[in-house]
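All chains are identified by letter, namely A, B, C and D, in their written order; residue positions are counted from 1 within each chain.
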Amino acid sequence: MLSALLALGVLGILFGLLLGYAAVRYKVEGDPLVEKIDAILPQTQCGQCGYPGCRPYATAIANDEADINRCPPGGETVIVSLADLLGRDPKPLDEECGEEKPKMVAYIHEEICIGCTLCIQACPVDSILGAAKQMHTIIESECTGCELCVAPCPVDCIDMVPVRQSLDTWKWPAPPPPPYEQAADGSSNPQPAGAH
Amino acid sequence: MTLQTPPSPHIHSGIHVSSLMLRVIAALIPAIICYTWFFGWGLIINSAIAMLTALASEALMLKLRKRPLKPFLGDGSAVLSALLLALCIPPLAPWWITVLGVAFALIVGKHLYGGLGYNPFNPAMVGYVMLLISFPLEMTRWMPPFILEQLEIGFIDTLGVIFFNHLPYGLSIDALSSATPLDAMKTDLGQNNTVSEITANNALFGDFAGTGWEWVGTWLLLGGMYLIYKRVISWQIPLAVIGSLFVISAFFFLMDPDTYPSPLFHIFGGATILAAFFIATDPVSASTTPKGRILYGIGIGIIIYVIRAWGSYPDAVAFAVLLMNMAAPTIDYYTQPRVYGHARGKD
Amino acid sequence: MTEYALILISTVLVNNIVLVKFLGLCPFMGVSRKLETATGMAMATTFVLTLSAVFSYLVNEFLLIPLGLEYLQTISFILVIAVVVQFTEMVVHKTSPVLYQVLGIFLPLITTNCAVLGVALLNVQQQHGFLESAVYGFGAAMGFSLVLILFAAMRERIAVADVPEAFRGPAIALITAGLMSMAFMGFVGLVKG
Amino acid sequence: MRRLFQFKGGVVLKEHKKDATALPVQPARLPPRLILPLKQHIGNPAEPVVAEGDKVLKGQLIARAGDAICAPLHASSSGTVIAITDQPVPHASGMSAPCIVIDTDGEERWRPREHHVDNFAELSAQELRGIIHDAGIVGLGGAGFPAAVKLDPGGRPVDTLILNGAECEPYITCDEMLLREHALEVLNGLLMMRHALHAKRCVIGIENNKPKAFRALCEAVRHSDADVEVVEVPTIYPAGSEKQLIQVLTGKEVPSGGLPLDIGIVCHNVGTAYAVYRAVELDQPLISRYVTIAGSVAHARNLEVLIGTPLGDLIEECGGNRDTLHRLIVGGPMMGTAMHSDVVPVVKGTNCVLVESTSHDVPLPSRDAYAMPCIRCGNCADACPANLLPQQMYWYARARDFDKIQDYNLFDCIECGCCDYVCPSQIPLVGYYRYAKSEIWNQEAEKRQADLARERHQFRDFRLEREKKERAERHKKKRSAVTQGGSDDKKAAIQAAMERVRAKKSEQDSTPKNTDNLTPAQQKAINDADQRREEKTATSPPDRPQ
């Protein structure tokens, strides 16, 4: 009985030393994964995912505190690429965070704006031009459509406008789902969840 | 009047999936006639049962998935799979064998994966392997060609055997059936007598392969050539299968003619030609890139020989095809052709 | 020499660890969603399996048998495997962090992978020598990797197929694995013994 | 004789070219209204130089080219500019774009001639390119890349200049008729382009199903004994695609993502050569071109059409019925785009108008519905001239997996439609590839925007940080200033403040403002107010500190 304890004890210590040495030699610092996740997120900094911006949400995902389907502006493409990166199952968007809308841009009705700079402080990407008591306006090309400026405005002069489509930004539509996927009684089941 | 605006191109060559499948079925007809000439009405009856089961199970699955029946039943892919499976089943096998095999093939082998175009395995082979493993006895009860037995089993008697297991003149089923040439070769080799002795005294062996079987093989070969000429199947797979089988069997045959039969015997024996031209070239489960098809065919040829020479199953065509079906996605991934404008090396 | 070749062929094809002996099924199902992660997992498992087969033989031969402690085989083998896995985990975490993140729980899970322990115990059961157990370990790992990579490529294609609603995901994967093992039954009897 | 090579794949199509080449080419009727889109080329739109109501002459410049890749625009006929607004333009989306609309006055009065060149050889390459640029010439093969830019090799050697007369799409015969009737002018245009490029060799590629055009070209070359090779290439679609024609004539392959210029080759359309000739020799800008009108029209033919003519006018002129239109295609049946309405104008890149009426008398046997799932038969891979794997690309496009599809080199696809044509399951493959390409471009654009947004967000955090630091420093400085100086500093600070207030106040009282040249009434009002103030301050104690 004693020899059994002795043998296993020696074995344990021997391997412990080996692992200690390996742990030192293969030390890992920093976590490049947060960078990768942040690169996928759409950077609207809107906070709909419950985190104050995309970077905090990325770190939360990296250490498994947050799920990957809480980003409405990113919508399905972000969820699928996050699932791809992290090897998880893509889940539909979490309704509680909002639903996926076409890209919007904020617009200030200049006749109502009183120049109170509340929206300027709220904008996460500084895309509102203006100063105290001066006219405010939104730089359309910089606005990410995060809607954070709509709430603070005391006179509600900001509303969201869909982005204007021009000939260059026009996209070819996806070909219609094949007729054989429409059931015999006409109710077409959705495009196969081929997206994984 | 709103103009139609589909994306280009606006014209089409007019070939349709069903025309492809019907051509393959047509290529099988002469071989079936020759088969019936040698081995009686068993195949015709089995084919009829198989096709009926195929259409029934396809319709059932399409109904379950709420899909329109019209385009799918008409495309002939289910009928083709059923016909190929019927060709691999012994002619006098009981009817429930055929029904079970075809139903399993189509439901599990094809429709569980999403129907036409999505099944990774060849449905006919899935059904055949399931039958071979589950009912070894019925599946090895083959028929010798009639000219050897000097007795013809008429149509009615064959029906009787298949449906009611009732045999004419009180014969027992075992008296009637015999081993296939491949089977006979494997067992006799087991008792380590040489190939030449085996083929000499056993009437089963015709001039270069099993009697009867060699003619069926020739007709299948002609059917296969017709399909290649009509560009219905790619030439790479049959050439690779037969070529690799010929090379490896010739190598071993030259090394030791007594224990390893001749390449011709291997090629015309069993279902090699049927597999090379009709089963392995099923586009859905095979590899799609030109280089990939050659690798896929070579793989099938080698596995057929390995199992026939050292394995325990006499005719390993089904296993070879399934194993290479398994490897097809990986082969496709690594054998992409060089695209226009890309340097030779880097892709 | 042919004797080692026979062992190799028999462990890779005839009695394949996953499809014939049904060992190591949980990583087989878990990691085969994408081809890249499957190749990563295959390499990691090969590394672990071969090393642990060799080390467990050494531990058994020079520690347990002289002291007559054969009954401790399982525990000591698990200890050996745990150490090798921990070592591999550090190496993978250092060399490719993305693979480390994507393998996630399945990397430490190799410790509990029944294929690894199974190979170690089978080595002892079949009284394999040092070189034989190494070849046996390597063969088993090759068998596992081959089947895992083929299965991953197939699953990537099936993932996009129009599979009926009820069979999507693991269900169709299990059916495919079943058909694969049916195909592998063709090799039965290929190698006598 | 030049050795010909073979490109992989391709399909043999039924030509349908006989009917359109029967009648000779004549100018089309002058349309009452011309619609000239500002962007008829690859690059930025031109800037209008005319305003509503201006009278313009035929050939007069109406839109200037900006500095970037652009081509100027000229009035196709004399008339008055009635509007510069958004009009439907020939594009797959059916959307509108800014156009100049001119009502023609029927006089067709030309603008005065601006330059006279008797021998182009004396001009330098730069001057020649200037004339071509000012004439607004773009590639007439259909792409519409400004020709002047393509004629500028930028110092790199040009080994071969290829003139593309292959015209492999069915129904289209505009290049063939142009070669039959103006072979000499096209040849001169080619020599001019050669001069601009200093190309060593010139080759004209033409399909062997156009014998008359080939003979006319050989005749022209013999007549002017120019060292130009006229070569017949086999009639396999898409022989007319730039990459495939280069492969057939030279055996070289254009590097993926690169230009033919990278391998010393420049390829131009025969129509462009003719336009270059007219611009240099006859000082005529690009205002008209040969267009084939085919399909279900009474008599299909080629017409010389003014740029900006609405398609509807052409259809009526050739006896087509505008009310029974089922599908109206600009371009050929393989790569042409179906239009949303027949009011869109002919632009510089329009080479053919293909009409299909609801009576389907001239059937375009297209596939109406998408028939069956893909059986991976590989017919498409055999037919693909770029040697791609269309069945794998379709598989990932359908699954919307846009990274995997790029592993299969999606962007080497030239959208020729061969795979679509031979697919037994009749799947709209090219539709899927276009969808995937525009999604990928869109994702890349969004990625650029996201990176920009991240930078702005990081800068904002940095700015807030900086402001907080500054505010904190200011507080520290102020607080330290107060605490260090002890009480006398404080009194001194108060004293200084008092001084400042008193100074400002005295300065205020001493100088009453604008009290000069007052009317007596105003003066009296001020005095009363001052007087009241004295009484008030005298009686009530000063509540406010003085």
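Here is the rule we use: a contact is a pair of C-beta atoms (placed from the backbone, for glycine too) under 8 Å apart; a residue touches a chain by one contact, two chains touch by 3 or more.
All figures in this text were calculated on a predicted structure; none of them were measured in a lab.
Peer 1: State which chains count as neighbours of subunit B and simultaneously of subunit D.
Peer 2: A, C
Peer 1: By the contact definition above, name the pair with the higher C-beta contact count: C-D or B-C.
Peer 2: Greater number of contacting C-beta pairs: B-C.
Peer 1: Averaged over CA atoms, how far is the centre of subunit C from the centre of subunit D? Could you give it in whole Å?
Peer 2: So the centre of subunit C lies 58 Å away from the centre of subunit D.
Peer 1: From the C-alpha centre of subunit B to that of subunit C, how far is it in Å?
Peer 2: Spacing between the chain centres: roughly 34 Å.
Peer 1: Calculate how many whole Å lie between the centre of subunit A and the centre of subunit B, each centre taken as the average of the chain's C-alpha atoms.
Peer 2: 52
Peer 1: Approximately how many whole Å separate the CA-defined centres of subunit A and subunit D?
Peer 2: So the centre of subunit A lies 34 Å away from the centre of subunit D.
Peer 1: Could you list the positions in subunit C whose residues touch two or more of the other chains?
Peer 2: Counting only residues that touch two or more other chains, subunit C contributes 157, 159-163.
Peer 1: When you check subunit D against every other chain, which residues touch at least two of them?
Peer 2: Within subunit D, residues 92, 371-373, 398-399, 401, 428, 431, 434 contact more than one other chain.
Peer 1: Which subunit B residues touch at least two other chains?
Peer 2: Residues 7, 65, 71, 114-115, 118 of subunit B each touch two or more of the other chains.
Peer 1: Across the complex, what residues on subunit C touch subunit B?
Peer 2: 35, 149-151, 153-154, 156-158, 161-164, 167, 172, 175-176, 179-180, 182-191
Peer 1: Using the touch rule from the top, collect the residues of subunit D that touch subunit C in their complex.
Peer 2: The touching residues are 373, 395-396, 398-399, 401.
Peer 1: Enumerate the contact residues on subunit A facing subunit B in the complex.
Peer 2: Touching subunit B: residues 172, 175, 179-185, 187, 189, 192 of subunit A.
Peer 1: Considering the complex alone, what residue numbers of subunit B touch subunit C?
Peer 2: Residues 64-65, 108-109, 111-115, 118, 120-121, 126, 129-130, 133, 303, 306-307, 310-313, 316, 318-320, 322-323, 325-327, 329-330, 333 of subunit B touch subunit C in their complex.
Peer 1: Quick one: in the complex, what on subunit A touches subunit C?
Peer 2: 3-4, 7-8, 11-12, 15, 18-19, 22-23, 26-28, 31-33, 36, 84-87, 89, 181, 192-194, 196
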